[in-house]
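Per-chain numbering from 1; labels A, B, C, D and E assigned in written order.
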Amino acid sequence: MELEVADLACARGGVLVLEGVNFRLEAGEALMLRGPNGIGKTTLLRTLAGLQPPLAGRIDMPDEALAYGAHADGLKSTLTALENLRFWARVHGAGEGEIGRALDEFNLADLAERPAHSLSAGQKRRLGLARLLLTGRAIWALDEPTVSLDVESVRLFARAVERHLARGGMALMATHIDLGLAARALDLTPFRADPDRAGKAGAGKDSAGGAGKAARPPEDPFSGAEDLA
Amino acid sequence: MSIWEYANPKKFMETTARFMPWLVGLTAVTLIPGLAWGYFFTPEAENFGSSVKIIYIHVPSATIAINAWIMMLVASLIWLVRRHHVSALAAKAAAPVGLTMTLIALITGAVWGQPMWGTWWAWDPRLTSFLVLFIFYLGYMALWEAIENPDTAADLTAILCIVGSVFALLSRYAVMFWPQGLHQGASLSMDRAEHVADVYYWPLVLSLIGFGLLFLTLVLYRTRTEVRARRLKALEARERMA
Amino acid sequence: MIALLVRDIRLAMRAGGGFGLGLAFFLIAVMLVPFGVGPEGGLLGTIAPGILWIAALLACLLSLDRIFTLDYEDGTLDLLATSPLPMEGVVAMKALAHWLTTGLPLTIAAPVLGLLLNLPESAYYWLVVTFLLGTPALSFIGTFGAALTVGVKRGGLLLSLLVLPLYIPSLTFGAEALRRGAEGMANTVPLLMLAGITLGTIALLPFVAAQAIRINLR
Amino acid sequence: MIALLVRDIRLAMRAGGGFGLGLAFFLIAVMLVPFGVGPEGGLLGTIAPGILWIAALLACLLSLDRIFTLDYEDGTLDLLATSPLPMEGVVAMKALAHWLTTGLPLTIAAPVLGLLLNLPESAYYWLVVTFLLGTPALSFIGTFGAALTVGVKRGGLLLSLLVLPLYIPSLTFGAEALRRGAEGMANTVPLLMLAGITLGTIALLPFVAAQAIRINLR
Amino acid sequence: MELEVADLACARGGVLVLEGVNFRLEAGEALMLRGPNGIGKTTLLRTLAGLQPPLAGRIDMPDEALAYGAHADGLKSTLTALENLRFWARVHGAGEGEIGRALDEFNLADLAERPAHSLSAGQKRRLGLARLLLTGRAIWALDEPTVSLDVESVRLFARAVERHLARGGMALMATHIDLGLAARALDLTPFRADPDRAGKAGAGKDSAGGAGKAARPPEDPFSGAEDLA
């Protein structure tokens, strides 16, 4: 099993954000996505999760292999922690045993019967992370998973990731802090889309077909600047 | 020794535990004979037929329904001013009882209206204001249910109860502008000779007292339950922190 | 999929979840009519079929924005979209849960409200029949509307605007079938149309709505 | 304080902000009536005053949960509570903004809809007068209801349940004054009551609502 | 100017969370609130901000001296960054010049005309922090201010805090990461409310008045467990 991303371009709110993203991830590997605020980490992760189509390029991985963890945790505040996990377990076909293990792994056993709205920010986050174990999926794509976590919980999480990798899983994380994991880092800064490129290309002569290199994102038909007048 | 001592949950539980059985007994000995007397030992009225006997349920339940709201209003004020937890819980406990009484009055009234007026329902001012009261009970209970933190819920429902009372009075006044309706005037008040014949009078009084006691019993029972529920919550919270 | 249905119904039952409130709104909206129109029985009886249908429709409408918006805001919808459940199934289950917690209670309560509005005796049977045939369409159409507006913050009003025109056929046929039935006239045609709309929306709209959600998440 | 008013109106004007939607709902709800009740002119004219008032009330209702919930969810309300503005002022400004973006447009649009419903000629003057006198109360009462339910997730339906009964006096007096006015009868008493309720709610409810918000933030 | 907290007790959702909290902050000082997830940092900050009443104890500070920054940023997503800031400036009576300075200090000038919903997580956070400069208040009470910020933005923020302290301000921050500020840290763990205390006291004989030491939070009248039967 592997994840290969080739020449990927993605947009957010109609604006081209990243292009030419290339990387490869093998079983047991983790990749940390780095880059300043607004570079496009969230955009990239959402594209990989299939929530938005790539503008260009390829994403090669098996179907239904990726578990996405977003900024928001997807918790129902009136359900208890356990009920929340049980719902996701049933959606992904996981059993009761796995729920118990997920609770233990994130030190949530004491909070199992509490409604989610009465948890503190970090406790909620832990619950959101526990869900990952129930998906049974190999590729974890996580957006700032450690937000609000205290030092101890960060360690719990790092250990959970290590175990996941040891089982042959993969992880892809956007984070600004150091988790102490042995992982490659991928800085997204070089892939920032050139804001001028689209305009320049559109001004060229062969703008009719957009049949340039396949990996180039298609031109925005409105980006030509010369006939604005 | 002040009456406010009973606002302490512990004291309240001890005291009520002592006289609950007596209260239940007293309710039984007024309500059962009252209703039995009314149903089996009063003559049928010449122009009302046997349907007149519904009065022994209809009038007391209607009376209690209104008074239950007034009691909730008073309890809410006490909670807001003196912050005695038991009074908040008593208001909460009274709402479902009041709602049920309202429902009983509405249903018995409808059942009575069918032979009397030839219709189950008419938009008579009195009936209408009763329906409005029903809605107020529903809203009050829904608000209690919707808010998790019990003290917040107590505060907000108390505010709703007070504001709601004002608007309930206003709508009562508003429907007076409608053409006057079919409903009976006062039957027990001042000049009873004019309204209800003596044979119907005493059983009615008895069942009124019975319904009053029934209300008291139910509210106390439910308040005790609410106190226990709160204690359970406090215990759970404690276990959680430990 | 069943897990989703169970969860949605359970959420509706929990504090603040909205079960019963649709019903309460129906009751109140019907009650408002005499306050506005005046208490005269004959007039009320004449307009009762239409009023009941309109009120049911508005009660449905008010609960529509719970269908997806909560799940969207707390991130659940993103996670469901990446889960093994097909989005079409998710949409259908949500519409079904909405009907079970709104349309069905409305159907059961409608006869009581008919009493309040002096609905003629002959109409009660048809009241229940038309509601049973018609309300599922309200839930499915509403779910489609909710899917369209899921990205709009507090889109409740926009949602109403989109959905109300789509409700007009169901309303017209439903109220017409009820009125004719009450007067003892033949009402097979509006009844068939009503059922047809319901079947059509159940069969087709989940697919369209699922597509709308995918576009909105993008 | 003016900053708050300006911001609220500007937010309402922005995409998805809900300005105009209340109006649209009013329009559609009134339009539904002929579909439900049947197109007969005389009947429509009779019920028109009541229907217009009820529709206005429901249109107000639908936009109530925007008043505080958005600000609560994104943390603005916490920040406003710790700002130098008194909470009473915040509440009053929000109610005023709500009226300016809902009640006032409704008042202006109502005569047009009166045409659709065959409202008798004599009624148009009174339609505008009763709306002008009555709709501010709808906004202020609604703001109070919104303050009570601000902590309840998607409390829209609960809000309706709480607020609708509080609307009954305004509705009854408003519709009664309109009906009497249209028939050329004396309507000073209901008109005075309508105005009295509006003044009372404007004077008192902001204080109560501010308290409710403080309790909810706690 | 100083902030003094004495014997403070606070509750969350009706549950006593912290008690006996004591600290003192002088002009120019910063205090980092530490402690594991769920200890009560958010609760303490909300109490100081006046959003919930303390159960017991004293908070001494001038009126309207505290600016609160919560988990949520209080941004209107349909307004632009500049419009958002301008609103808060008018609420707090700050002028246009201060808005410009706040934009500069958090490197937001380029984003000023963008609607807030199109900002990335970290950009939103920066905008939320810029608001603090407009409040003109001396005590900043911030709940995890650096969530989602990249390294560069954390540095910007640290510098802004330092400048605020140099002007005689104070800062109180709950955070799990190290900002590189010269600041005292206050670990909240020792103030965790003793779960048994309330119960024990409630079971005692003199539970009627709750007139014990003034600093003690009043008994929860429902915590006595003995006559549940």
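To be clear about the criterion, a residue touches a chain if its C-beta (ideal position, glycine included) is under 8 Å from a C-beta of that chain, and two chains touch if they have at least 3 such contacts.
Here the structure is a predicted model, which means the values were calculated and not measured.
*Asks:* Counting C-beta pairs in contact, which chain pair has more, A-C or B-C?
*Replies:* Counting C-beta pairs in contact for A-C and B-C gives the edge to A-C.
*Asks:* Could you work out which chain's C-alpha centre is the most distant one from the centre of chain D?
*Replies:* A
*Asks:* Which chain's centre, taken as the mean of its Cα atoms, is farthest from the centre of chain C?
*Replies:* Result for max centroid distance from chain C is chain E.
*Asks:* I'd like to verify one number: the distance from the centre of chain A to the centre of chain B, where each centre is the average of its C-alpha atoms, in whole angstrom.
*Replies:* That pair's centroid distance is 58 Å.
*Asks:* On a C-alpha centroid basis, what's the spacing between chain B and chain D, in Å?
*Replies:* Each chain reduced to its C-alpha mean, chain B and chain D end up 32 Å apart.
*Asks:* Based only on mean CA positions, could you tell me how far chain B sits from chain E in angstrom?
*Replies:* 46
*Asks:* Using the touch definition from the top, which residues of chain E touch two or more other chains?
*Replies:* 13, 71, 77-78
*Asks:* Enumerate the residues of chain D that touch no fewer than two other chains.
*Replies:* In chain D, residues 16, 73, 152-153, 155, 158, 161, 164-165, 168, 172, 176, 218 touch at least two other chains, as defined above.
*Asks:* At least two other chains touched by the same residue of chain B: list those residues.
*Replies:* Expected reply: 135, 138-139, 142, 146-148, 175, 240.
*Asks:* Considering only the defined contacts, which chain C positions touch chain D in the complex?
*Replies:* For chain C paired with chain D, touching residues are 16, 18, 21-22, 24-25, 28-29, 32-33, 35-38, 43, 46-47, 49-51, 53-54, 57-58, 62-63, 65-66, 69-70, 73, 152-158, 160-161, 164-165, 167-168, 171-172, 175, 179.
*Asks:* Spell out the residues on chain A that touch chain E in their complex, using ranges where they run on.
*Replies:* So the residues of chain A touching chain E come out as 13, 35-38, 42, 71, 118-123, 125-126, 144, 147-154, 176-177.
*Asks:* Residue numbers of chain A touching chain C in their complex, please.
*Replies:* 49-53, 64, 66-68, 70-79, 83, 87-88, 90-93, 131, 135
*Asks:* State the interface residues of chain B toward chain D in the complex, per the touch definition above.
*Replies:* 132, 135-136, 138-139, 142-143, 146-147, 152, 155-156, 159-160, 163-164, 167-168, 170-171, 173-175, 177
*Asks:* Under the touch definition given earlier, write down the residues of chain B that touch chain C in their complex.
*Replies:* Of all residues in chain B, those touching chain C are 110, 119-124, 128, 131, 135, 138-139, 142, 145-148, 175, 178-179, 181.
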